[in-house]
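Each of the two complexes below includes subunit A, the first together with subunit B, the second together with subunit C.
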Partner chain A sequence: MNETLVAVEAVTKRYGDTVALDAMSLTLRSGLTGLLGPNGAGKTTLIRILTTATAPSSGRITVFGHDATGSLVDRTEVRRQLGYVPQEVRFPRGLTCFAFVDYIAVLKEWTDTARRHTEVRRVLDLVGLGDRATRKIRALSGGQRRRLALSQAFLGRPRLLVLDEPTAGLDPEQRASLRTLLSEHGRTGAVLLATHQTEDVAALCERIIVVDAGRIRFDGTVAEFVATAAGRVWLGDAPLPGALQTWRTGTGRIRSIGGVAPTAPDPTVSAAEPTVEDAYLLMLGPAAHAGAEVAA
Partner chain B sequence: MSTMSWHCDPHLLARYSAGALDAVLAASVEAHLVHCTQCQTAMAAHTDPDESDRIWAGVREAIARPVLPWPVRLLRRCGLNDEDAVLLSVSRSLRGPWTLATVVVLVCAVWASFPDDPRGKAAYLLVAPLVPVLGVVAAFVSVDQTAELAVTTPYSKARLTLLRTLAVIVTTVPLVVAMGALIPGIGWMAVTWLGPAFGLTLTALVGLTWLSAEVIGPAVLAGWAAVVAGAYGHDTVATTVAAPAQLGYLVLTVVTAAVLSLRIRSTNFPGALP
Partner chain C sequence: MSATDVTASTPTPAAAGSASTPASASAAAGSALRRLAGLELRRYARRPLFLIGVVLTAVSAAIPPDHDTSTFFNSIVPAAALGILGLVAMASLTRSAHVLRESAGVAPVPERTQTAALALGCLLPFAVGIAWFAVSVWGYHRHPPAPEGYPFGDMSTSWKWALLFGEGTMATLGGPLLGVVIGRWWPRRGVAPMLAVLLVAVVIVMQGLFDPLIRVRVVMPFTYWGGPDGNPEHWRILTGSPQWWVGYLACLCGLAVVGALWHDPGARGRLLRVAGLALLVAAVATCLLAMFTGVGDVLTNPLPS
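Moving on, here comes the complex of A and B:
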């Protein structure tokens, strides 16, 4: 049974005259869901509303049966089930890794000192920073800081994990470790992963939601999403006329996304297996350029 | 693999483990164990793994436990609990106000050595109420950095706000009052500045639910400076803390406390977030 854990109903968010979210509705269940979209599409706004960091202009969000847009009591209940990693985490000055996670653990109502410290060490070990616990944060590399930001989200094994660009700044090995961690977490709770890294979505998520201009453009499985690009990706010796994107691959052949397919059989052109990135580029067109990471 | 030619016999290890050896022999066995893997393995049979794990956990705990800033250590000795100490040590809210308060008091003390100069009193009235205000604002400047994370945690933002504010007041107000009382000619002014101090502190807290600490701090400072400068210009500095003014500060305190209560209930806090 995979019940609805999070329900977003007709949520709109306005900043002055700008509509960041336009009557958006969606549901989340157990497992990993990828949230894709170009910069300014509304991903971060949706995440900030889901995590109760900001209130919507209208609409309703229910998380584990509690109204995230309702009373302070309801919002507090939602926050008790939540692990969140913002796109950018700024750390207080002068703290060690342990002190920072300990601080967040106190804010997450871990009152028993011994149990709290055990939990802090557990999450630091989880992200491979156990041996850096006493290091000052300012002495950490960018990737280590990102892992530190991630560690606090796992405090108390939250049922809803919301991650905004979690793999930014991580090397391939660290990204692989994080994928293992997230896939494990997705077996028992809901994980929402907002990212520009389409390969992370392809590797991890069962479901993809694509947002653009504050609206949902696609909501379905990864296979369904990739299928939208079937027959629209080509390999040839030259760029296809009208292609949205073209690049020379490692084999020396030109990969064309979109464009006019050859009307007559052409031995130099063959259909290629589409990827999540191809489908994303085709779905959003030029708008995708703002945020997509194109692997050349 | 061990390269030692001599090894501890099991009886010796058993006595060492039981703490039955004298200090010299125990130190000798300990020095040997550090380098001899064979004896380390033999020693394992004499130790309780659970006890060993507990000891190592304790060592790890002692190393990892963050060192608290000294004002927080002081508050811990006065009964502050562990979790509140963690919250205050992150905001680093106490060191700045203490330093500021000390400087203020020193400046006023020097100025007060010229009893005919009214500027000494004006300076005292200008700066003393701002000490707790700037302390509270300073606490939020550092914590604003984690506001995005902190706001999504279940911890009561009202309690967090009051904790930081009280910590600043507890560590600054007694110092400023005590030193003000030592300044000749200040009289009741040594305590009457508390009226505007409470009003301004709560005004700053209400402002922080809408704007960032970097905006609120200078705004409150400029506002109070304008009030004192205006009174000084009319040679009526003492009226800024006279009875009618105190009534005004009381009203301001009550109103801002009510607004703060409503803001904390109705929105996320602090308000540096859009």
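Moving on, here comes the complex of A and C:
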């Protein structure tokens, strides 16, 4: 289970003068990995390169032993073992849920009609749309459309699942169901989850990679990541001076992220249990705030 | 959502895991092409514009042949209803196929296979066009045009059938193929109808209504090879060879397929370059032959209609 499934070696991607990825290196093994970072940090670029949708300017990526930056034969092999949900999915007009997934199944080389239809029904059931298979996509709600977009990624139980903002638009119950699905999938393959939803990462992932300005800022376990915020999150009656972020919680107390801790004992201020979000905000500072605002 | 059977034995697509050799890779591509072509054919068959085109063409074929021209001026109906409307319908279908591909993010079946499947989908309107041609030939034999009508004189059978096939049937293939090109290169809504209107406008101007354009009119994908003129009205036969013109239109169809496939950078291999160049040379040659062989001067029926 600790076998390296994906190896990214010194990958750089430039768009003109802009460096989207700067000599990035990482590996992925079985299990769930959360990919965090503000907008424009390079998450989607990394995902597009990993999934062979875009070629890097330099560097090498190996997915299941195949060079994802190599020949078309190699890239095709990578694509055969990959499930990918882009950040924004458009749907063609007039198709039913079944026809949508069925067409994509053919694009994924499911050419035997009987087996393909069985597989299409399986993935629709998996995302809870089995009873809506014959419905037109235009009749679906936003959350159902997102689940439909997710369903195609599960075709053939791919060994690598790459999801860009998979929970956007899902209600809490649907998000919980997706977590169940992904955690099960993570037992046998690698799942890379790019998201702004830090609670999804905290709930699901064993590992977190934080990218910023095309570089990896953090790569470790969730516990290690949260530990970077230990002793830097406070609850008090007033905002702490110099705090990066403050807000009034439901209990009426002020939560301060960062800032100058009281030097003398203050009965109104107490250390709070940090979360993934706190650690993220503290690690990226104002850049994280900007990203979070956009994401919200 | 349900997590049941996520970790069950892994199903694989027929081709997956076995396509590392060129032979199995090409078998996988061939199989995917057949499936996609079948899907695209069915999707095209359900397009309202195609269905409207079929109905209009069927109605035109059912109308009794004209006394003066038999079935020779009905070709505008399949050309417009299956060709021009087909252009718009196929551009929309190609756009839809593009969106489906984007939804998958990446897929092992390359874009060129999808494009080839869309091109094969154009065989559906072409088949209707062939049926129209057969009905038109049958109608001509049942009710040939009057001696004062059109065509007149001793025009060869191949001249007549090439004319009907080129004007009517080839348009039912060429229009949808042009739709695939438009859908691939300009996948924005509204582009196809706009270009269709532009094409119709240019075709009208180039019909040979003006004498200087009579010879060069054959560069257009639709043109008439005769028409009424003067007062009293006499039917005329215009210059050129419709037989070579059909060859020219076939080359244009081939070029459209190459142009659509060219959109996929992975398809731009030596074979496609050579095919494109050969078709271009053949198109120029057949166009020139269509202009300068066959009927040398405009012929006028001495009998007034």
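To be clear about the criterion, the second predicted complex is superposed on the first by the 291 of 296 C-alpha atoms of A that agree within 3 Å, B and C clash if a C-alpha of one lies under 4 Å from a C-alpha of the other, contacts with A are read in each partner's own complex, and residues count from 1 in each chain.
In the analysis below, contacts are C-beta pairs under 8 Å (C-beta built on N, C-alpha and C of every residue); 3 or more make two chains touch, one makes a residue touch a chain.
Just so it is clear, the model here is predicted, and its values are computed rather than measured.
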Next item on the list: Kindly say whether there is room for both subunit B and subunit C on subunit A in the superposition, answering fit or clash.
Entry: clash
Note to self: Tell me the contact category for A:127 with respect to subunit B and subunit C: first, second, both or neither.
What the structure shows: second
Item checked: Touching partner for A:104 - first (subunit B), second (subunit C), both, neither -> both
Check: Of the two partner chains, subunit B (first) and subunit C (second), which one does A:243 touch, if any: first, second, both, or neither?
Finding: neither
Next item on the list: Once the structures are superposed on A, label A:15 by its partner contacts, choosing first (subunit B), second (subunit C), both or neither.
Entry: first
Check: Should A:117 be classified as contacting the first partner (subunit B), the second (subunit C), both, or neither?
Finding: first
Notebook entry, point to check: In the superposed arrangement, does subunit B or subunit C reach more residues of subunit A?
Noted result: C
Notebook entry, point to check: What is the contact status of A:184 with respect to subunit B (first) and subunit C (second): first, second, both, or neither?
Noted result: second
Next item on the list: Please indicate which partner A:96 is in contact with in the superposed arrangement: first for subunit B, second for subunit C, both, or neither.
Entry: first
Next item on the list: Could you look at A:152 and tell me whether it touches subunit B, subunit C, both or neither (first, second, both, neither)?
Entry: both
Margin query: For A:55, using the defined touch cut-off, is the partner it touches subunit B, subunit C, both, or neither? Pick first, second, both or neither.
Written below: first
Next item on the list: Considering only the stretches 4-12, 22-30, 40-48 or 112-120 of subunit B, report the one that runs into subunit C.
Entry: 112-120
Next item on the list: Kindly list the residues of subunit A that each of subunit B and subunit C touches, one partner per complex.
Entry: 51-53, 72, 76-77, 79-80, 82, 84, 86, 89-95, 100, 102-104, 106-109, 111, 113, 152
Notebook entry, point to check: Okay, in this complex, where on subunit A does subunit C touch?
Noted result: 51-53, 72-73, 76-77, 79-82, 84-86, 89-95, 100, 102-113, 115-116, 118-119, 122, 125-128, 147, 149, 152-154, 156-157, 162, 174, 177-178, 180-181, 183-185, 187-188
Margin query: Show me the residue ranges of subunit C that touch subunit A in the complex, using the header's touch definition.
Written below: 1-7, 10-17, 19-20, 25, 28, 31-32, 34-36, 39, 46, 95-97, 99-110, 114, 266
Notebook entry, point to check: In their shared complex, at which residues does subunit A touch subunit B?
Noted result: 15, 51-55, 72, 76-77, 79-80, 82, 84, 86, 89-96, 98-100, 102-104, 106-109, 111, 113-114, 117, 120-121, 133-134, 152
Margin query: If we count contacts the way the header does, which residues on subunit B are in touch with subunit A in the complex?
Written below: 60-61, 63-66, 82-83, 86-87, 89-92, 142-143, 145-146, 148-155, 160, 265, 267-268, 273-274
